[in-house]
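Below you will find the structure I want to go over with you.
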Amino acid sequence: SAPSSSVSSSSPAASLAATPSSPVTLNILDVAGNLALTKPAIQAFAAANPHIVSNITYTTGTAPDVPAKLKAEQAGGNVQTSLVLTGTDALASGITDGLYVNLKTYYDQFFPGLMSNYQTAAASMATLAQDQGIEIVWYPSGPLIEYNPAKVATPPATTDALLAWAQANPGKYQYARPRNSGPGRTWLMGLPYLLGDSDPADPTNGWSKTWAYLTELNKYIDQYPSGTTATMKNLAAGTADLIASTTGWYINPRALGTVPKSMAVAKFQNMTWVTDAQFGVIPKGVSNDTLIAGLALLAYILTPSAQAVTYDKGYFYPGPAVKGVTISQAPASSQEVISTYGEPEFDTWMTQYPMKNSLPATAQVTAFDLWDKHIGSTK
Amino acid sequence: MTDTAQTPAKTLDAQRFNELRLQGISRAYGAHTALHPLDLTVRGGEFIALLGPSGCGKTTALNSIAGLLPLTAGSIELDGRRIDTLPPEKRGFGMVFQNYALFPHLSVRRNIAFGLRMRKVSKAETERRVSAVLDLVRLNEHAHKLPGQLSGGQQQRVAIARAIVLEPPLVLMDEPLSNLDAALRLDMRAEIRRIHQEFGLTTLYVTHDQEEALSLADRLVVLNAGRVAQVGTPSELYESPRSAYVAAFMGYRNILSLRAESVDAGAATVVGDGVKFAGTVSAAVTAGASVQVAVRPEDLKIAAGEADAAFEAVAEVVEYHGREFQVDALTRAGSRVHLRTPERVAPGDRLSLTVDPRRALVFAAENAEAGGAAEDPGEAG
Amino acid sequence: MAAIAQAAGARRERRALRMRPGSWLVWALVVFFLVNVLGVIGSVVLDSVGKTWFSGWTPTGYTTSNYSQAWDEFDLGQVMTVTFQITLLVVGLSLLIGVPASYALARRDFPGKRAVMLLFVLPILVPPIAYGIPLATMLYKVHLAGSFTGVVAANLVPSVPFVVYTMTPFIEQIDPRLEQAARMCGAPTRSVLGRIIAPLLLPGMLAAGILVLVRTFGMFELTFLTAGPTSQTLVVSLFSAATSAGIRTAQNIDAMAVIYTGSMLVLLVIALRFVNPTQLVARSRD
Amino acid sequence: MSAATVTVADAPKAALRHRLAERGVDRTLLLLLPGVIAMAALFCYPFIYGLGLSFQPAKGGVFGAYSAFFGDSFSEGTIWTTLGLAIPASLINVGLSVPISYRMRGDFRGKRLLLTLLVVPITLGTVLTAEGILEYFGPVGWFNLTLQKLGLVGAGHPITLVNDYWGVLFSLIISGFPFAFLLTHSYLSGIHPALEKAAATLGAGWWQRFRFVTFPLLLPGLLTTFCLTFVLAFSVFPSAIMVGDPDGRTHVISIEAYEQALQNFNYPQGCADAMIMTAAMLLVIGLVMGVRRFFYTGSTGGKG
Amino acid sequence: MTDTAQTPAKTLDAQRFNELRLQGISRAYGAHTALHPLDLTVRGGEFIALLGPSGCGKTTALNSIAGLLPLTAGSIELDGRRIDTLPPEKRGFGMVFQNYALFPHLSVRRNIAFGLRMRKVSKAETERRVSAVLDLVRLNEHAHKLPGQLSGGQQQRVAIARAIVLEPPLVLMDEPLSNLDAALRLDMRAEIRRIHQEFGLTTLYVTHDQEEALSLADRLVVLNAGRVAQVGTPSELYESPRSAYVAAFMGYRNILSLRAESVDAGAATVVGDGVKFAGTVSAAVTAGASVQVAVRPEDLKIAAGEADAAFEAVAEVVEYHGREFQVDALTRAGSRVHLRTPERVAPGDRLSLTVDPRRALVFAAENAEAGGAAEDPGEAG
């Protein structure tokens, strides 16, 4: 018969020891690219706590794989994944299916003062986890636009200007399919605010202006690449001159050399930031020892020194979810990247404009479906 | 068994036995009986050839004796000891396969030593016996080579050496020469003869080539569709075949279907469409019966005058064979006859032919089955 | 003499002319294909040693740091170890299972042989995804999914039949009379197998083994469907690296791809010492 | 006389062994056992298990999963998408193999090198091929640059070949052509060269020789080659994701099955998709093999 | 070319020509010259056999004439028309290949009709001619079969039929019998002879079997390492070979290396270690020179008394061949000689041998290269 999706193991213990009975192997599944930010911290944790972890393995994958993978493991009674690092997507689908351990019980023991330590906007994002995941990095995302100054003298500052520019330069504005792209979905979720839609939280009924705008814009777009990387390459190669972007995607690819440093970034007038975050979640069915190790690791990641590392090469700029971690605490290499490739105005813009959470995962899926139906399927 | 001056000192001697008795051994493949019960007693030191066209059961017989095929019935006794229930590796016979079946990854020396190793013969003894056999087959210089580096004739000698180094009571050979070209075949035949003579091996030799069988064997066993057609010495078979089938095998290429007009104490007059001559009867033939008359090509002579001609024929194909011509001619009845003559004959020539009555053998006509095979044993070969 | 030479010359010319259009077209096709393949490989190799390459014919500078970064970032040390362990285990097991089976198939005609042959041909024909999914499902049920054992088991499915089909002609080439000859020399079954058959099959087993090695090394679908965190092979890591979330420099992925292809090429070169190129795909008959 | 008694006593036992051995049944067959067990456990059982699972969907009754597949135009379309990739790819691969291997029939210097060069793509692996295609055929890849240099496309308007149908097709050709070529080559070298010579002495020009002698003898081999390359192309998976447009034009049936089973956690549906995939593939192979029966398939008098 | 009564009505007739002139044709593979310039004029209707051991360039010569191999030098003219520049399909010669090269996917009828189809002969005409040829080769009942379903002999007849249905001026045959077993070879030889006689084909026939060549051909061309050794009729070659090489090919199995003691108008006395006898000189031999003396086995006789013996030898291997014995004996000098005798000889017997001076051919000793080939032509074949 079909493997059932019910969790076979008993519910986790109410209280836990501080350290596992013996060091455990942590199998970390990253479906958000989060390891780029936290791997150094995780390594440091492992090095410092041999009594907790004996070995750490890393697997990468995509968010849609997570629920089925965990369900299969749980149905088989053999949960191998110890910790999932995810964005809001797999977080939400896992919550819906009840795959993750509710961590609220352990807050006091492992995360004293958790919510109050988060930055304000990050704290707001953390509520999305419904206590089934720990927010570990946060950034305001976008929507921003990145352009080639050699081709675009003055970037459009309003949505109308963007439309006019696209009309004048057909095929030269690109954003990737929202389902597979951070900047793509930030652009989609940011538009209702920019256009003044009736309910930016309700893609079905409250986004009429957004859909109309995208439909109009669609006429001047050749293709929707399947991922952000493709749009970045197109920008670098000159096949696109203007693309949707975020703070992280502006800094990191330029730092890594995927995109020339000369590219510039711009914001819309009166923008509203659509913030994004990444979480650590622990699948139900792990042993108590693994649970302890996972929690200890997550707690470690939330310490300021670990958080400072998440400035990284700007992938999630700024990155830290907790209060009071500044760039000056970040490793020297990070600081150098940010000062070389960063945009000094980001910090101003972040204080200047309001911040809203990304849509809850279910609403996001609705939005993606609608986008696929109205926009994506025409190409 | 006279040693000539050139023979190397004899260092090996086969384990002699007195007699190997095959009693009614037979073998069937499913419903098809490939070998009908065969009785044969082989005396130690004898060279026996099993002769017959392709598919007559020669290999089957050999493999059954070797133990490579289980018997369907019958028993095999070696000096009174029953051996047909033993697996091949326990019977201790030697075998030379048609394509030699040398182990391609072992050197000549190690090929030959293989059997001794299997019998756990000591190193020194192995060394000594292999060297002796290598001498015997004159392959000393090639001992280190792999079989692939040897010529066909040399390979064959290795195969023989491998079989005889164990000093087996009996060596079985399955058409060991059939893969060689004509000239090499002649040489190898001489070699086998020599080794047999020097070594005193008891040999059971399978072939479909009557010349080979005649030239090698002490006794011949002619098989016909799994049954023994005749057993005897080469000259017995050559001079007095007991049936048209055996005669056809022994070089009587002309087998004429005629009628016996009169039979009288070993002599008969046979007649047919325009044919009439005298012949010799070996088995029971009654006057008036259908007969088959066997004549060798060299015994059909072109008559001086028409008077004493046995029959007439028209030369159809004439082949020059140096000094003599090989003529295929058609009789009036449309049968094809073959003759050899030193006279120059042209196609289309009308020939009057005679035959010495002592050279024309008259047999009672065989049933259709055997007769079919008798018409041209070569076609089946 | 001169006339003859002239005639010969004329003939050669005429022949050359006659061959021209067809040959040219065909050689052009071959060259076109090879140039494009070279382009495909070349872009990756060049990019893997490039600093940045936004557009144009060549990267802006060269470095080897991509390789060390890829090695660290994708934990290649561990992945390579796992890959080789899995591959070698699969090779060993499939030879162990496949060679005896192919011996029986080559030597015996028995009722139901066609069914057994079918059993061995289907896993090669049916797309790996099509049986990989049910297989993965089943492996989850028996708690083998994600484990090293599970991956090895899954990879045996196409490997064993492959060994059977590669080995059968090798065995058929060994004259059964060699076995009979060995018996006539007094060798018991054990010696026949150990001293005659095994040494003669060695080249065949090497060929089959290397071919299975190459195929298992490159087998994506089955490993992808069954691998867990500790049993991922290089292809699967490569695929995850190229498709999973996050920003990665193309150069790092390319470096990893080059490491992958390099290993494959080494295996291929070794393989080609033992087998004909055509044997890589077809049952050998010569 | 004692011998006779022994024979009688041994007869029944020996006869049975003999009769079985006659039909090829003896202890040697035990050697098959590990292989058969492994295949039964690792292939047949999962396959049948999957077949069973495909009839037990969460909703829709016994054939629910199948009707769900055929009821949804998006998933049903994957069959056509896959065939749309696999058939042209196999046709191109086989079609190109014929003239090239025909040219390379004889022996010439560097033949083994050329063969080896043509084999190399087999070892590239899907991922490197995909990466390479993305770069080489990409908008600023060497291919487009060359086209621009040749003036075949305007600067800044490269033709889109990747993340699309074409990319996947290219990857299928790069990985499938060597395979098809080597197979065709070995079939072709199995046709005895004397046959063409014979045709020449009978007055046949090169085209007639090809048309009436070589091609008919090659055809069964070509159909087999077609089947094998088709199998490869039909199961395309990673490259459809990497260089294709996995949510659209290259949403092939293996992606659909994979997503159903391992993303939607709908094993029955995934298994049903896998079964449909197998059936479709076997159908095509069956058709081709059916056609093959009409041609001469015996010995071609050659070495190969 | 006399028709016999039994021949089917002749319905085909080869396009006759007067002469085919090969002028200095030669062929080299890279540095190796496989065929040295060959001059030969073939008259219409002639049957010419190219004879030589393996690798001597027979196939090369045939393929060059057929156009399957381009010539390195020389020209070919058919009744004055230059044809060596034509591709094979334009020359219009028929060819019978060694392994027949029948189209395995076409029925016998369609195999035979292939050439006519290529020449766009009308359907009805094709039908008629194919049927006529099928009659000729007696394959009417097998017309619908595929070649794979035929026996070797039948396949060979299809190959011949396919070549002759086009009524080619010249038919080339490359060892068409070498794949057959001995008996079938005899039959097929007769068949080829018959078809050639009935049909009046001009035939160029390649073989390494001297008996085949002798029995079939009007003229023989013996090749030695790509060069012509001798051209002549069968009896010329058989009776008067011009060199020891040719003699060895023509059945002179004993080639003795001796010294000419005296030479006198075609007669010579040759001596060696314990050997002395008279022989016939065909080419220039000077007294005192090393010579090779060729004697057939049947020309070595066992002398009545020791007095008139040419030399003595010890019988080593004796084979019974029915009516006569084949003896391999060793001379005192250690050379092996072969003889045939009707007398019973046992191994080890000391034999006194004589030879008729007319039957002992004396040749100047050849250089090492040719001599090697001459020692045993069969070994190379």
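Letters A, B, C, D and E name the chains as they come in the text, with residue numbers starting at 1 for each one.
As a working rule, a contact is a pair of C-beta atoms (placed from the backbone, for glycine too) under 8 Å apart; a residue touches a chain by one contact, two chains touch by 3 or more.
Keep in mind the model is a prediction, meaning the values are calculated, not measured.
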item: Shared chain contacts [subunit C and subunit E, defined touch]; value: B, D
item: Graph separation of subunit A and subunit C (steps between touching chains); value: 1
item: Relative to subunit B, chain with the most remote C-alpha centre; value: A
item: Most heavily contacting chain pair (counted by C-beta pairs in contact); value: C-D
item: Where subunit B and subunit E are represented by their mean Cα positions, the distance between them in whole Å; value: 28
item: Inter-chain centre distance, subunit A versus subunit E - centres from mean C-alpha coordinates, in Å; value: 90
item: Gap in Å, rounded to a whole number, between the CA centres of subunit C and subunit B; value: 53
item: Mean-CA-position distance for subunit B and subunit A (Å); value: 91
item: Interface hub residues of subunit C, defined as touching at least two other chains; value: 54-55, 137, 243, 250
item: Interface hub residues of subunit D, defined as touching at least two other chains; value: 53, 140, 261-262, 267
item: Per-residue multi-chain contacts in subunit B, two or more chains; value: none
item: Contact set on subunit D toward subunit A in their complex; value: 53, 56, 58, 138-140, 156, 158, 160, 163, 245-248, 259, 261-265, 267-268
item: Complex contact set, residues of subunit D against subunit E; value: 192, 194-195, 197-205, 208, 212-213, 216-217, 295-296, 298-301
item: Parts of subunit A lying in touch with subunit D, wherever the complex brings them together; value: 1-3, 5, 64-65, 67-69, 71-72, 177, 179, 222-223, 225-226, 230, 233-234, 237-239, 372, 376-377, 379
item: In the complex, subunit C residues that touch subunit D; value: 22-23, 25-27, 29-30, 33-34, 36-37, 39-44, 47, 54-57, 96-98, 100-101, 103-105, 107-111, 113, 116, 119-120, 122-123, 125-131, 133-138, 153-154, 156-157, 160-161, 164, 214, 218, 220-221, 224-225, 235, 238-239, 242-243, 250, 253-254, 257-258, 260-261, 264-265, 267-268, 272, 277-278, 280-282, 285-286
item: Residues of subunit B defined as touching subunit E within the complex; value: 2-6, 181-184, 186, 189-190, 193-194, 197, 209, 211, 214-216, 234-235, 238, 250-251, 314, 316-323, 326, 328, 330, 334, 346-348, 376-379, 381
